[in-house]
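Two complexes are shown next, each including chain A; its partner changes from chain B in the first to chain C in the second.
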Partner chain A sequence: MKNQKRWGLFFFLSPVLLWLFLLIVLPHIDLLAMSFRIENDDGQMVWSLSNYLNFFEEPIYWLTFVRTAIFSILVTFLTFVIALPVAFYITKVVAPKFQGFLLVLLLLPFWVSELVRVYGWMILLRESGVINHFLIKLGLLNQPIEMLYKDATMILGLVYTSMLFMVVPITSVLDSLDNSLIEAAYDLGANMWTILFKIIIPHATPGIVSGSIVVFMLTLGNYLTPNLMGGKNSLWFTEQIYNQFIASFNWNQGSAFGFLLLVLSSIVVWLGLKLTRQNLRKVVQ
Partner chain B sequence: MLRKPPLFSQDVKQRLAIRFFMQIDLSVQEVTKKFNEFIAVDNVSFEVPDGSFFSILGPSGCGKTTLLRMIAGLTEPTEGKIEIRGKSMLGIPPNKRPVNLIFQQLALFPMMNVEENIAFGLRRRGEGKVDIKKKVEAILERVDLAGFGDKKIDQLSGGQKQRVAIARCLVLEPAVLLLDEPLGALDLKLREQMKVELKMLQAKVGTTFVYITHDQSEALVMSDHVAVMNQGVFEQIDTPQNLYNRPETPFVAQFVGDNNAWSGRIRQCNDMTAEIETAEGPIFHTKVRESLQPGDEVDLFLRPEAMLILPDPSLSELNRFHIIVKDILFDGANSRLLAHPLDADTELLIALPQTRQYDYIQKNDKIEIGWDQQSGICFRRS
Partner chain C sequence: MMKRFFVIAFIISAFLAVNISSALAAETLRLITWSGYTPKVLLDKFEKETGIKVMPTNSSNEEMIAKLRATRGAGFDLAQPSQDRISSVQEKYNLYQPIDLSKVKTDQIIPSMLEAVKKNTMVNGKPHAVPFCWGSSGLVINRKFARDAQDYTDILNKKYAGRISYRLKRPTLLALAFAMGDDPFAKYGDINAYRALMEKVGQAMIEGKALVKNYWTNGDALLQSMRTEEVYLAMAWDKGGWKLHAENPEIDFFAPKSGALGWIDTFAIPAKSENVEGAYKWINFILRPENAAVFTNLDTTANCSKGANKFVDPAISGNFERSFPPAAIENIKWYPPVPAKLEEIEGKILDKVKAAK
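Up next, the complex of A and B:
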């Protein structure tokens, strides 16, 4: 009987295990091995640390790396600041019958591919774009200004892309917040800010942390938006990886960069969990 | 140490205080609340003197919670005035009002421990750390939870949560403490116990309590005065004894305690005694409080305990009639007979004293019932 159960478990688990092993673990092991190998002068592959040493010796590499990390944290924070009021409005302010409608409205843009959405922004923001056209028509500008290919534009695009992944988890935790807690705090003399920081945010922390992890990872690993909206100036680390693999055809260097990015995201997520005193199991639930 | 004997007894002092210094803590004047077309609270006025226990009793949906939320400031009245200790509360938000509300679900903050919960209001006032600690410890002792400061909310039992919620409000020394059916979530045994505890606590701290409930026994046991509310209107404001013995409207008669309703027509009425022919058959004589005309349609209410089983034949002032026992509802001291009159199937509840004297009564027995003319409650049907 016990044996049977074990076989049943194994039977149903095997597709997942195969998927994980063949498509994720195995290629990563190969990439990891590749990142420690270089071609020597004789054209033979030998073990070496120089792919990693290159990263630390060449300032452009690690500066891009730090810039990507800082911008990703900034994007995560901005997304949170915008998403919290949106989630609060959807769960607590609006009539329950409109809640579903508003969530669908939020979801709707995500039925279109990211590429199309980014091109949408480009049509709005570029030098000959819609916004410039209207500003000139209204007489606010004499000549069009280039709004694309700036850090601010890139951050705008990244925040826009990540919004949903922050709003949904926060909405679900705020749904479970009893309205009478807010009223009780108000009744006991708290003002709006105290209620926000003492009641709402502590209650919503698991949702905020899980949303932040998703948004941070997605932003850090995003290639399309920084490349299209930030242009050549964006200096996003994923572009360095792309360049190594595709432009320089140096797969060994590329996989070393890939692993550095993986380590970075793991460290930042771990730090984030430690700082907010959450554990991964609780957040993933 | 020798103490001087007090000049007046406690009772006399209290009465003097009420006569000369009675302060009105809460005054609600002609308050109305409309939600679109629906009138939740309709022109309600009442006053609660300092240190008293005032209850608002009504069925669910009668507007009592709305009224309480208006006093707390969580809802604004459409019309009317609310004054607390003589100050108008119009437009003052809940965090600036000297009242505190205990919610039905208590609304303790799960992200804080007991001590932080109680200190929450004090911190908002910006009191010193040492003061806060002292006050929290004092109030915990007062509600018999000394040493519970470090406990988390989910470690407490239902009764303990109750007391934390009360402590959290009382520590702020509000002019009026509002309670929104706080015993509703407790099981019966604990509810009975908390009823007595709450009344004792109120007497000890002397804070004015305004308590709303749909449970008449809670209201009757604890309160100095009770207002019975129905469909947004106050039907009667009185002491618990008067509500039970002299209800002023048919609703109060039926809602407060059990009552048997008869409908009938006046045959004659003189000297405040009416002869009523009931639709169910028997003809009764009863005292009435207003002069009624022959032919008037009336409702007559009789308490289960007003009806005596097999009355002594020598008693002449009694109304007598026969019933058939449908069932015996045994419930300890609260046991009743479920019965109907001979020629009608109106259900009657008759108190069945557990003195073993009536143990022989069986289902389908035909027995005589009598009731005193003083104990009928009669209203003209409008």
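Up next, the complex of A and C:
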């Protein structure tokens, strides 16, 4: 009987294990091995660290990474600033019967693919686009200005794409916040900002941190939005990995970049957890 | 009891999966190609004629090589790389199998093009491709705004600031090198000289970066920005320019003074193709003059089929005559096979251009 139970467990677990091992662990081992090999001048493959050294020696590579990381942190912060009031409104202000409806409204844009959403923004923002058209009709502008292909538009697009992943975890932690705490604070003469910083944010920290991790990782690994909306200056680190694999045929360099992205982004997340004094187990719950 | 049930169910489903996939493979031809190369009418006609269903995947040279390299030549039954991107990857990764010219109806193909492709894709004494169609990169210009643009150097010209678009890919580097009076193809054999030349071109591109509206990556997106007159001057393929010319006579494709860059797209059979016979059938089918003409009429790309011209729409052949006076044809710079290592040099320079402020 006991034996059979164990067999059953193994049977149901095996797809997950196979999935993890065959599709995630094995290819990564292959990539890791590849990242330590280079082709020498005779065309032979030899073991070497130079793929990793290249990253640190060539300024455009690590500058691109720093740029990508800084922009991702900025996007995460902006998403948080926008998402907190939205989440608070949904959980505390609006009548409970509308809560579900509002969450569905947030979800709605995610029913179409990211590509379609980005093209939607491009239609709105381009020089001959909808927004310029109305600004000229209203007499606010004399001639159209180009709003696309700028860092600001790229951030706008990235924030828009990641909103949902911040709002949902914050709503779920705010749900457990007792309204009477806020009322008591008002009775004791606290103002809005005190309440925000002393009650709401401390209570919501686990949700904020888990939302931030998701948004940060999604933004860092995004390829489409920076590429399409950022225009000519927007070299994103993922694009550099793509270029190494596809344009330069240098898979070894590309895999080294991939692992550097993995390691460096893990360090940023770890630092973030340390700074907010959260631990991963509490946050992912 | 339960256990036996699971085992049986598992075995049955495994069998079904294997059978279904092999049954599908028997009647299909997985073709990795470029967008526009597989008109629906021709796919339907081919299926009616041979019973083979073609499943096209639209791609680009770089992606074709990367995909075939990842599987060591499996996953597709027929590929359409450009002729200059075959021999070096073939030597290195062995992605394709030699083409058996006795199975190709070679009398359907323009002889000079067949010979050129055979020569350029010769590896270990065997040809690896036959030509399908050809075209060129040059300038697409809106004459209403850019009256006197002549050459590739105009994509770095202050006069058209903010109205310029080109791809951040190797043809742009090569075109600018030609326009600067150099010959990059002659330097293919000398890596150091080539690197120095590319660095010079890259520097010029960085200096001219403020003038570019965007680096286009998607042909349709470029056509859209030319249509709305956001861009006046672009480096692009001839077919895009001709499509725009049909909508707006002010816009057209021009062969630049230092020469349009000519490419030939081919048929090559991946090493682990599972339907080699079907692949030859498709090659012979689409190069049949009346079928090749259907492709050219829809896509505006010139084909390599001998005798297809009499079926081509006069408006389409008119494009060619308008953009390519005889001197411009003489001046087309045909891509020679790309030696290994050059892509790496180019890739790094393009990254630098994109990262520059």
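Things worth noting here:
Rule of thumb we're sticking to: the second predicted complex is superposed on the first by the 277 of 285 C-alpha atoms of A that agree within 3 Å, B and C clash if a C-alpha of one lies under 4 Å from a C-alpha of the other, contacts with A are read in each partner's own complex, and residues count from 1 in each chain.
As a convention for this text, contacts are C-beta pairs under 8 Å (C-beta built on N, C-alpha and C of every residue); 3 or more make two chains touch, one makes a residue touch a chain.
Worth saying up front: this structure is predicted, and the values here are computed from it rather than measured.
Overlaying the two complexes via chain A leaves chain B and chain C side by side, clear of any clash.
The partner that reaches more residues of chain A, of the two candidates chain B and chain C, is C. Contacts of A:235 after superposition: chain C is touched, whereas chain B is not reached. Of the two partner chains placed around the shared chain by superposition, chain C is the only one that A:227 touches, whereas chain B remains out of contact.
In the overlay built on the shared chain, the residue A:9 is in contact with neither chain B nor chain C. Legend: residue contacts after superposition of the two complexes on their common chain; A:203 is shown touching chain B, with no touch to chain C.
In the superposition on chain A, A:267 makes contact with neither chain B nor chain C.
Touch criterion met: A:63 reaches chain C, while chain B stays clear of it. Looking at the shared chain after the overlay, A:247 reaches chain C, while chain B stays out of its contact range.
Measuring only between alpha carbons, the smallest separation of chain B from chain C in this overlay is 46 Å.
Shared contact residues of chain A, touching chain B in one structure and chain C in the other, are absent.
Taken in their complex, chain B has these residues touching chain A: 72-74, 93-96, 100-101, 103-105, 107, 109-111, 120-121, 124-125, 168-169, 172. On chain C, the positions that touch chain A within their shared complex are 2-3, 6, 62-63, 65-66, 69, 89, 92, 162, 169, 209, 212-215, 217, 225, 228-230, 340, 343-344, 346-348, 350-352, 354-355, 357. For chain A in complex with chain B, the touching residues are 178, 180-181, 183-191, 194, 198-199, 202-203. For chain A in complex with chain C, the residues that touch the partner chain are 4, 7-8, 11, 43, 58, 60, 63-64, 126-128, 146, 148-149, 227-228, 231-233, 235, 239-240, 243-251.
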